[in-house]
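One structure, as structure tokens, below. Some questions next.
As written, the chain order gives the labels A, B, C and D, with residue 1 at the start of each chain.
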Amino acid sequence: MLFKAIKSEIVSHISYIFSSKGEAAVVDPRRDIEIYNKVLAEWGSKLKYVFETHRNEDYIIGSIELSEKTGAKIIHGPGLPWKYGETYTDKDNFKVGSLKITALHTPGHSPDSSCYALTDNETGNYTIAVFTGDTLFVGDVGRTDFLGDENTPKMSGLLYDGLHEKVIPLGDGVIVYPGHGSGSVCGGKIAEREFSSIGAEKAMNPMFKVNREEFIKIKVTEKHEKSPYFKYMEKYNLEGPPSSKIPNPPALTPKEFKVAMEKGAKIIDTRSPASFGGAHITSSYSLVPNRLNNAGWVVDLNEEVLIVADDANNVEYAKINLYRMGYDNFAGYLSGGIESWCKEGYPIGKVNLIDVSNLKKMLDSKEKITVLDVRRYNEWDEGHIDVAKHIYLGRLPERLNEVPEDKPVITICKTGSRSSFASSILLRANRKKIYNVLGGMDAWKKSGYQLIY
Amino acid sequence: MLFKAIKSEIVSHISYIFSSKGEAAVVDPRRDIEIYNKVLAEWGSKLKYVFETHRNEDYIIGSIELSEKTGAKIIHGPGLPWKYGETYTDKDNFKVGSLKITALHTPGHSPDSSCYALTDNETGNYTIAVFTGDTLFVGDVGRTDFLGDENTPKMSGLLYDGLHEKVIPLGDGVIVYPGHGSGSVCGGKIAEREFSSIGAEKAMNPMFKVNREEFIKIKVTEKHEKSPYFKYMEKYNLEGPPSSKIPNPPALTPKEFKVAMEKGAKIIDTRSPASFGGAHITSSYSLVPNRLNNAGWVVDLNEEVLIVADDANNVEYAKINLYRMGYDNFAGYLSGGIESWCKEGYPIGKVNLIDVSNLKKMLDSKEKITVLDVRRYNEWDEGHIDVAKHIYLGRLPERLNEVPEDKPVITICKTGSRSSFASSILLRANRKKIYNVLGGMDAWKKSGYQLIY
Amino acid sequence: MLFKAIKSEIVSHISYIFSSKGEAAVVDPRRDIEIYNKVLAEWGSKLKYVFETHRNEDYIIGSIELSEKTGAKIIHGPGLPWKYGETYTDKDNFKVGSLKITALHTPGHSPDSSCYALTDNETGNYTIAVFTGDTLFVGDVGRTDFLGDENTPKMSGLLYDGLHEKVIPLGDGVIVYPGHGSGSVCGGKIAEREFSSIGAEKAMNPMFKVNREEFIKIKVTEKHEKSPYFKYMEKYNLEGPPSSKIPNPPALTPKEFKVAMEKGAKIIDTRSPASFGGAHITSSYSLVPNRLNNAGWVVDLNEEVLIVADDANNVEYAKINLYRMGYDNFAGYLSGGIESWCKEGYPIGKVNLIDVSNLKKMLDSKEKITVLDVRRYNEWDEGHIDVAKHIYLGRLPERLNEVPEDKPVITICKTGSRSSFASSILLRANRKKIYNVLGGMDAWKKSGYQLIY
Amino acid sequence: MLFKAIKSEIVSHISYIFSSKGEAAVVDPRRDIEIYNKVLAEWGSKLKYVFETHRNEDYIIGSIELSEKTGAKIIHGPGLPWKYGETYTDKDNFKVGSLKITALHTPGHSPDSSCYALTDNETGNYTIAVFTGDTLFVGDVGRTDFLGDENTPKMSGLLYDGLHEKVIPLGDGVIVYPGHGSGSVCGGKIAEREFSSIGAEKAMNPMFKVNREEFIKIKVTEKHEKSPYFKYMEKYNLEGPPSSKIPNPPALTPKEFKVAMEKGAKIIDTRSPASFGGAHITSSYSLVPNRLNNAGWVVDLNEEVLIVADDANNVEYAKINLYRMGYDNFAGYLSGGIESWCKEGYPIGKVNLIDVSNLKKMLDSKEKITVLDVRRYNEWDEGHIDVAKHIYLGRLPERLNEVPEDKPVITICKTGSRSSFASSILLRANRKKIYNVLGGMDAWKKSGYQLIY
């Protein structure tokens, strides 16, 4: 049995490919499918199945193109009006060489949510591993709010049942391969480790230490955000996404870039908060590579995108990761980066960058400032600065009126990356005196400054 | 100025990409265009022009797809009813950053044949380099027989005139970048070195040492072969090739491979002559990687192709090079190679492999044999074994009746590769007692055995 | 937590690297350590520990060089007079970021054999994984015969105790990462899957289904072979290997190759059995890439090695894998491969290649032949051809007198690779009429021919 | 003939490797020689010669290690007391396959300076190419001041003679491959194009348009700078450099980094001027990747180096390029980059970044400022801001007293990179109110502001 986990960074999505005796299967392929073909060629295997753990909400799944290129069958869970592929019946078995894959319907995260249990007949009939999609993560379980608050209790109950009636009974020794790692918005507090076992989860996952009632209660009180681009994903992944040739954003001279930007293309600048603060093109969004998914809050999939990045690798990274989220319209990237922009004599914008000792001094001296914390609810709940105001970054564009205009705004997040994005939103809204705290709450805590909860 | 030569091995085609101040141009792109996009991204350059030196006969040009992906203009020479791109007027200039490209109409190899002279305005107006396509090679000039024997004298005269009136006057110090290197069928005796200068060619190219009359006389007496697939290339490159998604041949189990083969797919085995001789699947063609272009003699572009190769890299190599020639229908490749075939218990075929000392002994002992030399005419003319019979390998399928059936046939070429192909053609025709001389005429000469001319 | 398994093909050795919060550890590094430095750089981690699961017998461990380059501490198990590194005390804990590694002394395979249990303090104190070295494999346990037959019962008992007292109690949900995958000579019947869990092994590993007495009895009756190069490994891995600059075998012309070969360098030809059978340089050993470890039976580490391979990648593969086994003296490789040899007019040797239907016919027609089966004892025991004679390939050089000289010898193994090696040993011993069965016993079985046990 | 140019970016050094019939030669190998071994393996060639064009002053040559690994002979020019290799006699010929290399002694840049003319006997005896080292560049000739001002006239005359008596007579059609491209400090105004021909240089190189007297006069008036690390290069390249294992800088946590820095290691920060200006570790030097050679002005080869860079690729780039200049002592790099530093709560430094419109306003408003232009003399001479003061960046540390302390200092160069370095030197000297002009004089010119000469 050959096996490989394939990670897509920004949505922290993990897909899997495995093979036995020349046959192979993929679980939850990403949109750019070359990687699977490359692995298949290396292994000399033919793809037989694409298993989807659910209709994903945060990225476009590559099943259809992969199926067209390879002839593999696409297998979904029941409960949704799929426009492609085949829907299994609970407990259906699929053969891949000497492997047996058993489909387990475990609704909760979504109506069709599935786990796929893998048995290796070459060694026996004990289940070796289970692909848990967004049903079970390492240290957490999937969110259950996608069908609306009114359905959360019901969906949470279903999730509890699926876990306890179908997943846990597989056995302690079953290795768990989840659909997302740490950083995904599909769970709350996913651990950094990207694999586990039923035994380890039973022993350590807090959601396995509560009864059904408590489980539902916890799920109902969770606060999750839903990025606007999710609506496209849900449609695309149900009906099939638009044609998916990987885009090829052209190199633009500063002059051409300026023209495209003046025509309304949105600028995504993936350089570090230090760079963005030092010098950027006015009206850019500051979105560091591993936070590019936040583009979903401010750039519609139909809008044109311009990229500013440090080098060719970073342009490529931005393009492919945005493409995975459904962005297909790239006006181009700035050839030569911000340096070429500056050499042209074009004007630059800045963010005031400060470290936490600066912030502490400002606070101690009673300067009139707004400290704006843009982290997620659960991060905020785990400790924040007493005078800080909390607006989750995705909601900032619509809640701008809550941010006072008459005093400096100090944006802060965990490290300085998301607050750089918040700073860029404020600057686009013509706000002045915007500061970003490099190091963020991590530095604040390390420095031993006070937290309130 | 940035510059890169990009080689496509089997047709020994060389394309060029260069850039200045963020603008770039490509000369004669190959069909799989990713490489140009990769270089453009690395350089941060935008493609402005695709220059075609002529309607190529031996590979599909990637101009249209490259133009669609990048917005570059396609530039052709006059004299053909192009269905895409723009036709220049002789001496037209094109700007690429600080570079000036001057189009020179130099018909002869084809009616539209062009050279493109490059001047670097940053340093001055002396021509730095000239892209000579199939007009001028290192040590040779292009063949002039494509319009038929009746037109060869006229085309040869035009070629002579273009070289003497337009290319040579550019100046001795002009670097020459030809469209093909050694091994191409578009010239006769191209040197192994892949760059030269006008000065060096004037001093050393034999075709520059004869007058117009002698030049035409030499060209008229040259014997070139025209592979059947050329007719597709000529059509595709004039009108635009069929849609060009790079094919993805599936891994086949021996059983699946057998089914496809029994349905009529043609097998191309790219392993070495030693491997092919040792064991192969009956009815395969033996076509080593750098001789894959000979597939054009025996496999029609509309036929399905099966690949047998040593490993994933060799499968990929075969696929991409056949794709460049227009092959789009791949039934698949044999997963696990010939080993997996053998493990299935399926039968194998063999070729009798001998070295030249064996051959010498056979000849000395007056065994009744046919020595069949399958090299090109000019190779044959430069020395062969006295009793040998000459049939150019591409003509072997139609001239089988000239090969006696009642005695062993010893195939020979320069090294043993093309004779392995010839052996495989004979075996497919149910001939028995087929031998291949490993080392070929190279070994024969090195061993000091007799040659006649 | 970041994690990567790194496989070294021919000895089927698996090393592991993992990291947490900028600190990292490696388990059983291979001799060419660049890969670990590359991963460390990618992760931005500093290596803190190198854990050795035991003094490996089949490859040179890279601990010392890795430690010198990175400052990492080397940790061994007790029971051997180590000349480098530190010896842990049973149950010692080591911290790597938020991870805790607990050393478990589990002698049996060797006196110092160790398992390392990994706990991830970020999620809790349940053990996540255990590195089992050669103590526990997927589907098997380590061999226990290295201290001599007289000690096998004792060592087997120790192994049983370690497994049952230290490994199994870790919990069913603990993921198992063994030191070798399928194909290693350090176990008998290791499964193809390269990861498992305690739970899965308890359920499926045959060695977990027997009691202590039965366990010892099985281990005592196992027949393992010990390649002569192991003695070097044992010394090197105890005392530190000789300086380890990766060798750089020069390209040799056929003439230079011939000179080196005539001076006594041993030729290792890694091409396929089909190629080797078709044409090879007389006196070469036929050792396909994934069987290169068999070089240990015929080439002493002090001898000079010449490589014949299909291409640059295969030369590199042969070199690096032989280097991992301790080969440092490379006279060079044949530039241009066997083709260049043939072009020189030099003589070639051959092996008669047959498929199983040919062999069946020979047997049915009562031809006088010797069928020589060179597989491992356990393979032989699982079914062989009735008239076959069994000599394990590693013992063939010393048991040549048991192979009759007066009739053809048909070598056979599972697939044709190891029998090609056996054929080459016989040819080197000037035996004539040597045949190799392509497809081997696999093909024999698939064809439904008779087996005896 | 196979041919490849291999570029080392920061010193803009170009080495060459070529091969014919299995033999190869390298001209001026760089210190990290793996690339040559890789090319040799790909080509299947054995290295026969290493040709040095002169004792290089700006990088460590890899001849000795390459020779040790391959057995190649090292060939130098006459005139220096070499401690390794062999010294040719003028006009000596060397054979590499069918190629002939003729050594031409052309002193001037250095006493031993050489050109190597290449003839391809396969095509004839016209010289195809000449490797001109630092004797002839595209658009310029080598500097002649290394033996001291008193010897410049003599050396310049020798250079003129060599060019006119040995190089030009080779013929117009000879392709010129120089030792450096644009950006090297070994010439003055080298063009961006990296290849030329004798004919093209005769037509366009300004130094070929003057007579001997004028030539010497121009050379005598040139102002070149000589970085302190050159003295090491001259010694190393004459006697052999210290042992050259490529260093492996460890990942350091912010805390470890701080310790190393407080012990005196020098910090080299390769991030962009925008990043450095935005936030950096106090006392760092700002040295963007393609300006790393300026480290030679401020960091002695014996000092320890700490690296701050954007990612693993940039750390590697900095390390290998500094290694080529002789830096061997790397204390480590900051794991996680400046972000990890900030997250620790450690303090950051900043540079005031401005665009040219800001500068123009400052100047127009008669603010009291010092505009400090740190470009090379010839750049300064081609146009500068009227009120600017010129101090070449390398001389800034020793001329700090010329920079007024009582008013803001606005550093400027061509683009903002070297002025970022100058800013960092001033900040290290505890200067306050330091500004860097992003876009530099390029932006100033593009904006149409006034220049004086």
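Here is the rule we use: contacts are C-beta pairs under 8 Å (C-beta built on N, C-alpha and C of every residue); 3 or more make two chains touch, one makes a residue touch a chain.
Note that the structure is a prediction, hence the values are computed from the model and not measured.
*Asks:* Among all other chains, pick the one whose mean CA position is farthest from the mean CA position of chain C.
*Replies:* Chain centre farthest from chain C's centre: D.
*Asks:* When I count C-beta pairs in contact, which pair ends up with more: C-D or A-D?
*Replies:* A-D
*Asks:* So, what's the distance in Å between the C-alpha centres of chain D and chain A?
*Replies:* 43
*Asks:* Find the geometric centre of each of chain A and chain C from their Cα atoms only, then give the gap between the two centres in Å, rounded to an integer.
*Replies:* From the centre of chain A to the centre of chain C is 42 Å.
*Asks:* Counting in whole Å, what is the centre-to-centre distance of chain C and chain D, each centre being its mean C-alpha position?
*Replies:* Chain C and chain D have C-alpha centres separated by 48 Å.
*Asks:* By the touch rule stated above, which residues of chain D touch at least two different other chains?
*Replies:* Where chain D is concerned, no single residue meets two or more other chains.
*Asks:* Spell out the part of chain A that touches chain D in their complex, as residue ranges.
*Replies:* Residue positions touching the partner: 271-280, 310, 313, 337-339, 341-348, 350, 353, 355-357, 415-417, 438-440, 442-444, 446-447.
*Asks:* Taking the complex as given, what residues does chain D use to touch chain C?
*Replies:* So the residues of chain D touching chain C come out as 22, 37, 40-47, 69-71, 248, 250-253, 256, 312, 315-316, 335-336.
*Asks:* Which chain B residues qualify as touching chain D in the complex?
*Replies:* Residues 1, 3, 20, 120, 122-124, 126-128, 138-139, 171-175, 191-204 of chain B touch chain D in their complex.
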